[in-house]
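The block underneath contains the structure these notes are about, expressed in structure tokens.
Labels for the chains are A, B, C, D, E and F, by order of writing; each one numbers its residues from 1.
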Amino acid sequence: MYELGVVYRNIRRAERAAADGLAALGSATVHEALGRVGLLQPYLRPIYAGAQVSGTAVTVLLQPGDNWMMHVAAEQIRPGDVVVATVTSACSDGYFGDLLATSFQARGARALIIDAGVRDVKTLQAMGFPVWAKAISAKGTIKATLGSVNIPVVCAGAQVNPGDVVIADIDGVVVVPAAMAQQVADAAEAREANEGAKRAIFASGVLGLDYYKMREGLEKAGLRYID
Amino acid sequence: MYELGVVYRNIRRAERAAADGLAALGSATVHEALGRVGLLQPYLRPIYAGAQVSGTAVTVLLQPGDNWMMHVAAEQIRPGDVVVATVTSACSDGYFGDLLATSFQARGARALIIDAGVRDVKTLQAMGFPVWAKAISAKGTIKATLGSVNIPVVCAGAQVNPGDVVIADIDGVVVVPAAMAQQVADAAEAREANEGAKRAIFASGVLGLDYYKMREGLEKAGLRYID
Amino acid sequence: MYELGVVYRNIRRAERAAADGLAALGSATVHEALGRVGLLQPYLRPIYAGAQVSGTAVTVLLQPGDNWMMHVAAEQIRPGDVVVATVTSACSDGYFGDLLATSFQARGARALIIDAGVRDVKTLQAMGFPVWAKAISAKGTIKATLGSVNIPVVCAGAQVNPGDVVIADIDGVVVVPAAMAQQVADAAEAREANEGAKRAIFASGVLGLDYYKMREGLEKAGLRYID
Amino acid sequence: MYELGVVYRNIRRAERAAADGLAALGSATVHEALGRVGLLQPYLRPIYAGAQVSGTAVTVLLQPGDNWMMHVAAEQIRPGDVVVATVTSACSDGYFGDLLATSFQARGARALIIDAGVRDVKTLQAMGFPVWAKAISAKGTIKATLGSVNIPVVCAGAQVNPGDVVIADIDGVVVVPAAMAQQVADAAEAREANEGAKRAIFASGVLGLDYYKMREGLEKAGLRYID
Amino acid sequence: MYELGVVYRNIRRAERAAADGLAALGSATVHEALGRVGLLQPYLRPIYAGAQVSGTAVTVLLQPGDNWMMHVAAEQIRPGDVVVATVTSACSDGYFGDLLATSFQARGARALIIDAGVRDVKTLQAMGFPVWAKAISAKGTIKATLGSVNIPVVCAGAQVNPGDVVIADIDGVVVVPAAMAQQVADAAEAREANEGAKRAIFASGVLGLDYYKMREGLEKAGLRYID
Amino acid sequence: MYELGVVYRNIRRAERAAADGLAALGSATVHEALGRVGLLQPYLRPIYAGAQVSGTAVTVLLQPGDNWMMHVAAEQIRPGDVVVATVTSACSDGYFGDLLATSFQARGARALIIDAGVRDVKTLQAMGFPVWAKAISAKGTIKATLGSVNIPVVCAGAQVNPGDVVIADIDGVVVVPAAMAQQVADAAEAREANEGAKRAIFASGVLGLDYYKMREGLEKAGLRYID
């Protein structure tokens, strides 16, 4: 249950190097390294192509049609953060545009993940400030009701704690608990290294059926080939 | 991020009397008493009309098309519990039917809240075992992959911890942290008592505009009446 | 484009007798009599079974998560009205519950049509106050931002002017311009009378193919029967 | 790919006794007996509670907003049939109402399954003519473009051939190939008999974990219990 | 309620200079200048990136799966118009392709806004004829039933009158009443001018909290900072 | 009804030249040439812009969250094939990524059409392996349950038989029965040739109203022009 009307100023961020390194590994590899958990629902999409980021989460809880807390959140941003925002009930209004993006960028934020809408997309792309959002909407918001900043939030179906690492790219958005960042980075890197070799093998025509030794399992499960 | 493959046996349930008392107050009143948070998304609907329950949460994390963990969860149920189940990715298959319901009911469960589908709805209604679900589907599931039992889960957009109080009725499903159950019950009761009086006043023709003294605020905000 | 912050007090309601008479004809027959226009989108559903109403529209424009204008609207209701409410952007929160319903009913309203959510559904049914809504949600709303009352609104895809006749039943919700109410009532009644006779003919085994003389048209269009 | 503008008059219907007997077994049991295939997508819902039918499929391919072929289909109905209708592109209009239902019932049809909308729901319920549909909509249709009758169709994601057995109840709609009707009925009956015994065992408190001997498999998969 | 089977030839278009000037200001700024109304629902998306237009509305009412009226509308287009099309019930078929676009462009139309589907997207992009649509679909339509041209329509939840100004870009589609075009252009320009200055201020690190003097309001609302 | 656990090795592919030639004609033209049938539902979208392919279908039936059969399918691919995959119930997980794509490409596959999700989109684009999918999702899958390869499947609402021709581009995905490939290619080419001439005529300002001689039909249908 959400605590309303509070801002936590001192959050424990994941270790910087681990948080930064996860971007290059990508959301799919990190998600696998986590054991196939931690993915935000796939309706969150990047508002423009090509961005791939990771950083430490500053979380925001918003009210329907109200972006007051985004201004409060701006002050809590430190370089290397990614802002993760959610709303108390489903809303596609444009909570975020070029002015807030300018503030966020000036504070060192790398991206916004928001389970709602954004606008000024052309300018956001020109500024190089990426957003993963549920919708694009020109509809603006008011500033009337308190939410919270840096409390644990549920964003697009996943629990995100302040300070967690967030990885976002074309495949989606994944959250890694702060305490596990280094260990996940190591596992993901091992996985990634391994993938390069496999790609060459498969390119040469070797089948996964043989490489992963699946034929026996399939036969046991009863698979029948019919000519 | 979900911990996979674990079952927590000793969870701290909310105090029984408070947990039981919240059913009668209803989800809307409890949700208001909480400050308008704690509601699961409204796409969860009761599979038959008339049920109104509250109880302590036993949580289940499921995999797509796989209900193995429902059987594991059955053993963890104690009288007065409500099972809260979620899936690692969106799925509408029928994870639960009359046989599992018989087990759950034998263990003392009062209801199931599931962010997925259920089946055997006719029998469930005849048995008096209510379910709040995303879908009704005859499609069955397999038993192949581990999830977890009694870890914190996100169900229909809300974080539910094992032992929390869950209130479910025609208006929806609300979760109350275990530690706040008594305090919320008190606040909701006060609210409810108050509502009865108000209903009589409004039935007599008094307007909310006057009862809540809204006219001044509306005028200040600039509302204009045009004849 | 919506005019904000205004309440029109003197609206021209459709003639009472015509407005009242349309309920018994039903939304499907009225919709046909109108030439197959005037239907609100079918995602609006009755919150309980069995209600069938018609009346004159009092319209309300709401803001996301804010039901302030519902209280303003209550004062504008006269006996025989149906309140038609919409929101400036999509929202499923519970804008309306038993207290507002008590006020609306005390003023003589017959129903609410709302392109958003409602709550206290059990009490609404007990009171006999029907609602056609997009969602049922325990989530409450605030009172902070002005909308309008009795301006033309778009509700679930249809334009509704204050004073128009609204017909709502299990098949959906239809709006009839105030000036056309009597003429549509006449056309719908003629249609309905005709339907009774047809039902008997079809029950006797006569096919629509013959009754409507469709065989020639089908043949001309190229329909081929294959044995 | 659909063949347009044709009506097949002589279809090979499943054996009557097998087709009739599947209703009592229900969609969930039949679906399991088929190996968990054959289910139409769960967005098809009964328009009123309580109906449970099975019968042989007469199929209809419709065009958007056009129900001409429903009249053509009426003539092809024989006692014990269930009409299965689909549209060439997604449409929620009300393709079917009380007059067509009167014709269908007069010809001996037991139900309609339609991947679109229906209307006159109150009368359909009074007549006892059940429909499983995607939507309820008062919006009527025209008669201008040819589709087909008794060709193989895709309805709500499942291929249905004319003469197949269709089983529909509160849990959904399942299709069984005509040639397999008797064999599936036998398998489903065996399954059903077995279920009664299991229900008693589970009601006595025996867990599925023990009854199905799942504990070893769970341990092997790595499940850990934490106290 | 829609008038069917009519074409209004003499509509009163917004003043050309004002209509043309709004494109550069963009949908988000214009929407704010209007007081946050006038936005079509955000599910309308541009079929290719980069287009930003404004113009005077020629409106079209279509029937499901039928684009006959698009041909009728072509004749009513004058240079500087934007065609705004809607359907009497939800449909995602491809109502518009390269041939109609060639006609529209030859008549001077700048864009199409359609609450339905379009096709030939590759050619439309090559021609530089932008469309904001609900879907992309190769499915064609018939020409059988009358709708209307240049009547007031509801498109994606907003009322659009013939002659109104329509502004469309990456952030969405906004409609401005013809009579307000100049006044809105002035307000939007003032707003835009102001935004440039603000962007520089925020880029320098000044927070919205201070610039908009929000701290007092937040404190009054009860916001608590926790270290 | 799906046959489970089988792989058909010898399928009858459409004639190569006809299958290859359809890509250039595009999905919209082919769909028209087929009489406006054969289109997969438009929610299938290309994961990157610019791809336009045709080829012979290798079909795959998958289970929820399980991509085992994709590996089995890889072995059945021959140069010029397009893999068409569907799931027994709706699922948006990422069933396919860069490693499988490497295998598919090594075997000669031209594209994947999948009624589910995919991942590694950046690499897929770099490799030039196009996919039409329902979703993009980083969520991986397991390998536990049998589906089938090269049985007839329903993919996004259309029946696809192994060996059929599949055409996919920005406008969508169309399936052509193997036996009709040459005839459809001829019809589509004739259509396409014809379109070029029409485009020039419409660009010169001739209206479809005149070119298609629609004025008489419109008048007969009752269209009224109002000045």
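In this section, contacts are C-beta pairs under 8 Å (C-beta built on N, C-alpha and C of every residue); 3 or more make two chains touch, one makes a residue touch a chain.
A quick note: this is a predicted structure, and the numbers were derived from the prediction, not measured.
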Shortest path length from subunit C to subunit F (each step joins two touching chains): 2
Contacts common to subunit C and subunit E (chain labels): A, D
Proportion of interface numbers common to subunit A and subunit C (over half same, under half different): same
Selected interface, B-F versus A-F, where C-beta contact pairs are more numerous: A-F
Centroid distance [mean C-alpha coordinates] between subunit F and subunit D, Å: 28
Computed distance of Cα centres, subunit D from subunit B, in Å: 31
Where subunit A touches two or more other chains, by residue: 36, 39, 88-90, 92, 137, 139, 145
Pairwise chain contacts, counting only pairs that touch as defined: A-B, A-C, A-E, A-F, B-C, B-D, B-F, C-D, C-E, D-E, D-F, E-F
Residues of subunit E that touch subunit F when the two form their complex: 5-10, 68, 71-72, 74-75, 92, 94, 97-100, 102-103, 105-107, 117, 119-122, 135-140, 143, 145-146
Subunit C-facing residues of subunit E, complex: 1-2, 4, 34-39, 41, 88-90, 152, 154, 157-159, 175-177, 180
Contacting residues of subunit D [partner subunit E, same complex]: 63-66, 88-93, 137, 139, 142, 144-145
Footprint of subunit E on subunit F - complex, ascending: 26-28, 31-32, 36, 39, 42, 45, 52, 169-172, 174, 195, 198-199, 202-205, 207-209, 212, 214, 217-218, 221-227
